[in-house]
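Look at the two complexes coming up: chain A is in both, with chain B in one and chain C in the other.
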Partner chain A sequence: MKNYFGKNKRKSVDVPSATSPNRLGNQTGPSHIIEVIGVNKYFGEAHVLKDITFYIRNNEFITLLGPSGCGKSTTLRILAGFEQPDSGDVFFEGKTILNTPPHQRKLNTVFQRYALFPHLNVYDNVAFGLSIQRKLSRAEIRTRVEQALRQVNLEGYGKRWVDQLSGGQMQRVAIARALVLKPQILLLDEPLGALDLKMRKEMQIELKNMQRSLGITFVYVTHDQEEALTMSDTIIVMKEGVIQQIGRPTDIYNEPENAFVADFIGESNILPGRMTRDFEVEIAGHSFVCVDPRPGSDDVDVVIRPEDVRLEAPTENSISGVVSSVVFKGVHYEMLIETDQHEWLVQSTEKANEGSHVGLAFDPDEIHIMKKSEHSPDRQPTVPDGDAKFPEQSPEDDW
Partner chain B sequence: MKMRRLAYPYVLWMAVFTVAPLMLVAFYALTAYDADGRLFFTLQGLRNVFATDNTVAFNLFGLADLFGFNLQVPIYINVFAKSLEIALISTVVCLLVGYPAAYILAQHSRKRRGQSNFWLFLFIMPMWMNALLRTYAWLALLEPMGIVNTVLGYLGIGPFQFIYNDFGIGLGMVYNYLPFMVLPIHSVLVKISPSLIEAAEDLGADSTRTFLRVTFPLSLPGILSGINMVFMPAMTTFLIPDLLGGGRYLLIGNAIERQFMVSRDMTTGSALSILLMIFVLASMRILTKYEQESSEGGLLA
Partner chain C sequence: MIARLSKNIYMILIFLFLYAPVAVLIVFSFNKARSRAVWGGFTLEWYRKLFQNSDILRALQVTLIIAVVSALISTVIATVTCIGLNALNRRLRNLIMNVTYIPNITPDLVTGVSLMLLFYFIGLKTGFATLLLAHIAFNIPYAILSISPKLRQLDRNLFEAALDLGCKPRQAIIRVILPEIMPGIVTALILTFTLSIDDFVISYFTAGNQVSTLAITIYSMARKSVNPQINALSTLMFLTVLVLLLLVNIRTTRDLRDKQNQGDLSK
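Right after this comes the complex of A and B.
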């Protein structure tokens, strides 16, 4: 773990790209428990996974993140063995597992809707996998089931029927049922999606603690960016079957690879900029010092997070505008600043009066430069709004 | 309150067409007319059913032959036993044939969700035809000089006695009642969430064990209602044994029919009906009790 965090800027090394075909050959090693290489998947005409390549380190909490239909669940189902890729390969500890049926794979799944067996009680649900193996005595099974139930704080619930449980309890049973088999990898498919906000927050922390204390690799699928940022060691951002970025939560948040990632992970101001030389960018007619080099073309996308924008008295050299709305959000105020070309989203603990004229300021290291991509906002830059763009998110998914 | 008022027509319907006839049958079973045409209370009908002056050897499932005992029972009890034997065998055969059929149909419907299932439709379609007609068709096919025996004759085999025996009656019952077994099992199977099957596989169960430990237990309610739907008519039918038994065969349904239509003995006929009803209700009660127990885990939820 220490090594892992010590390694800086993993994304620049690890993002799969067609230009570095040798990357995988060099990096194959015992620490990569799973390697997914060049996987493509079609459902009829639809190309749902496009050349997916990534690896999973032993004992890490890795999250597949993206809007619905991005292929994250399909990727997980390929790992579990419920779907076969049309091309590409999946390696488990260096050996392909494409010919291994699901019941022989050393990984277990926590299903989206729990998929608990309704004809069995909690105890028998958890004991299911152990009793299938036929290797253990009844007493051994009992010990392990009770231990698993203890791990998920469901001691004494063994005799309950699954339809007598709350959503959170069912979730715990599903986790216990998978963990009791001591898998090397636990796959979780939007496991908290059906829980209410409070329960979800609690379970996020519990899951993360569980993963740390058990030392099991977790592969987690979610469309909730906050969940991903909270729990993951590594996040894989996907869109329309393509991996957009792989990196640590801080990398993904602070240095999004493109406008899609910037937009999807948290709220952001994405603006067109021009760079004619390194470390200097022109935004809305004003020139700013930044810490990024010129990416190779003059036109760039600039991301500035709303909490990084300071409001000051307008000067000749600053971008300035009129405060068009102020909303109190608890910890901070959320304000919209109308400028000539763009509507800025600003979050600050200090309130500006609606209708007042303000200047915008930001530090050089708060300006993040991205290459133009297909995801770039075209002429009319937009203020990102998670709700409107990803309708499958319920309101409480928002920050 | 409004809902309760809406129920009144049904209550009336059941009173007129279910409760009243039942009471009439019970009334007939316990009464008779004397020589002067006066009605009087009697237990003669019930006594006739259990009359020991006319006994035959009891041989349910050939058990008497197997164990070499000779038990003389009243003739109607033997008819009862014979009906039970044929109904049970038909139900078991329906289950053995119907379950795999329902399973295959369910797999098929699952793959093409939302579309009507052509094969299931084919299974149900014969039910739209008159039962009498369908059964007559079997006669034409299976009689000694019928189509099947003729074809077999060309091949140098046969002729076989297909009808006017247990086989013929059993075949008729299986053919007629198979859809009633297939439909409830199919509708339970298609409702089993695919993720439960995947969960079982994920937890290490191969396809055989997934079936035995998950699919089959989850389909038990369908099996039980299938058994209900087949056993009940198989036990009480008189049409099938009448036609495919060649009229020589006496099952409980025919016995009742004859009491009314041939002997004109309403008292004995009604007594037989009441006893049959009690027997069928009792067996259904046992089955539903099992069904409730097995569905406690939320199967039907």
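Right after this comes the complex of A and C.
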């Protein structure tokens, strides 16, 4: 999956200047369906959202991504109207919606644990919103509900009870229940968190297709970086209530704003570097040509993705080390290379032998320079702990 | 072998001890002889007389009206209270719940006397109204205890989901929350109805001289003379309450089982 974004990425070529990494909400326009301006939120003492500002374009798939407790769910709940910000404003098509109660907002939510009504069968769950409106005849409701069930591949499930469904099916009912109201925006709060890996992958593709064919805006909350990269048009990376970066998946992956983003989005080697002039960086005592200008200070963070590192015979001018572990991952081998200062993570289809002495090589455009930040590492590279991630109870879940 | 035998004998003794009085009562309600000691043959005479006794019929009427009305009112109050409590933060909710428990462990005598004093104090003449008020008062905590677990089991997103789908808050409560906690509400109705029929002490202090419930009638009949109608009436009341309590028990165990099954699924 990572290779996808790793292969053809080249910063200078495919990053138009229009998508500046810090997309702020001050340029209003008809294409921005939602604008969140300077939102702060406190839960008691805890400052859970710190000056959140972003906009959402019409018809885009936007993902709020971050570890649990980063404020992504709270942001979504503010959009839905279940929480009020302590300061700041939220605009829907140019008008503030802070005084609009949830039931009058033109957006619908798919909840993390589905929140289906257990006393109703599938059909009545999906028909619920329409029957509240009392505008449609029974026949019209039937047509709309059946269409919605078709959209989520649950034709003929109308008479089933909610507790007779599998997790994936419940999730589909929850989506159908929201879609049947034809919302302009669908909010999804970690909707795939409770599903197993295979189901999750299938649903990711289905959701993306659904969003494209319906032509509506999806706002998606997840802590799973891979999910975010797969589905999103735009990703907002958050940490501890602060937006770290806003951008397209390729931007976020190839041009991480700081060490936190680089680390959170995929596996990476993050190293301290020194830059005394433009386009040249010193890493581990060796000098390398790179494509980035000097960011204003000598000390920088350098990101090199593991799939971008080539293993060669060691020379005097290369960083070299000993292969300390080799793990077969299917498409590639994942290897750890122990050097003097650092343990490098390398992914390659070519296997190196454990214990052998190798040199590390990488092209200038594969070296990404970041400004030093509070997230700068003082440590070994981190490997995300596989795919088995479950939603944890985050502080904002508890009320 | 001996251990098991003695265990069984012990069990039998306990049940004998618990149920022998009731068994004797039931048997003697069919006794032809007026005596409480001699078996004079089988008869339904006392039951027939019971339903011709205008005092008892009037008391039955009062008991049923009080039971139905107090069950309804206390359950409604408890339902509203529980929904409100559920929206509070945990500390305040626990505080109020604990205060709610206290009347459950207060002796009936204390409750009865204090209610009587309260009614005198505010100048309410004891009678049907005070009896009803007393029954509502002692029923509310039991109703709350039947309903609040149901609310706590509820996925807290359900209410928000209803709002999200276009319900006004009141609609969300009526269309989603009430149907979900209905089993608890029905249990509360049965339980409060049963407790109301069952109550003697509190009723005795709050009914005054004019109104009488079945329990009070039985008490005064038993004081006056030996009347086998008491046996018949007590038998009927015992069976009624027994059936109702069985219903409550079945409902709560079924609930518990459902909850366990759900727990298994979610794991």
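Please note the rule applied: the second predicted complex is superposed on the first by the 352 of 399 C-alpha atoms of A that agree within 3 Å, B and C clash if a C-alpha of one lies under 4 Å from a C-alpha of the other, contacts with A are read in each partner's own complex, and residues count from 1 in each chain.
Everything below uses one rule, namely that a residue touches a chain if its C-beta (ideal position, glycine included) is under 8 Å from a C-beta of that chain, and two chains touch if they have at least 3 such contacts.
Just so we're clear, the structure is a prediction, and the values are computed from it rather than from any experiment.
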item	value
Clash or fit (per the criteria above) of chain B with chain C on chain A	clash
Partner chain(s) touched by A:L181 [first = chain B, second = chain C, both, neither]	both
Chain B versus chain C as contact partner of A:G129, first or second or both or neither	both
Chain B versus chain C as contact partner of A:R113, first or second or both or neither	both
Touching partner for A:P101 - first (chain B), second (chain C), both, neither	both
Partner chain(s) touched by A:F43 [first = chain B, second = chain C, both, neither]	neither
Doubly contacted chain A residues - partners chain C and chain B	80-82, 101-103, 108-109, 111-113, 115-119, 128-129, 132-133, 163, 177-178, 181
Partner chain A, residues of chain B touching it in the complex	193, 195-196, 198-206, 209-210, 213-214, 217-218, 220, 294, 296-299, 301
Residue ranges of chain A touching chain B (in the complex, touch as defined)	80-82, 101-104, 108-109, 111-113, 115-121, 128-129, 132-133, 161-163, 177-178, 181
In the complex, chain A residues that touch chain C	80-82, 101-103, 108-109, 111-113, 115-119, 128-129, 132-133, 163, 177-178, 181, 399
Chain A partner contacts - residues on chain C that touch it in the complex	89, 155, 157-158, 160-168, 171, 175-176, 179-180, 182, 262, 265
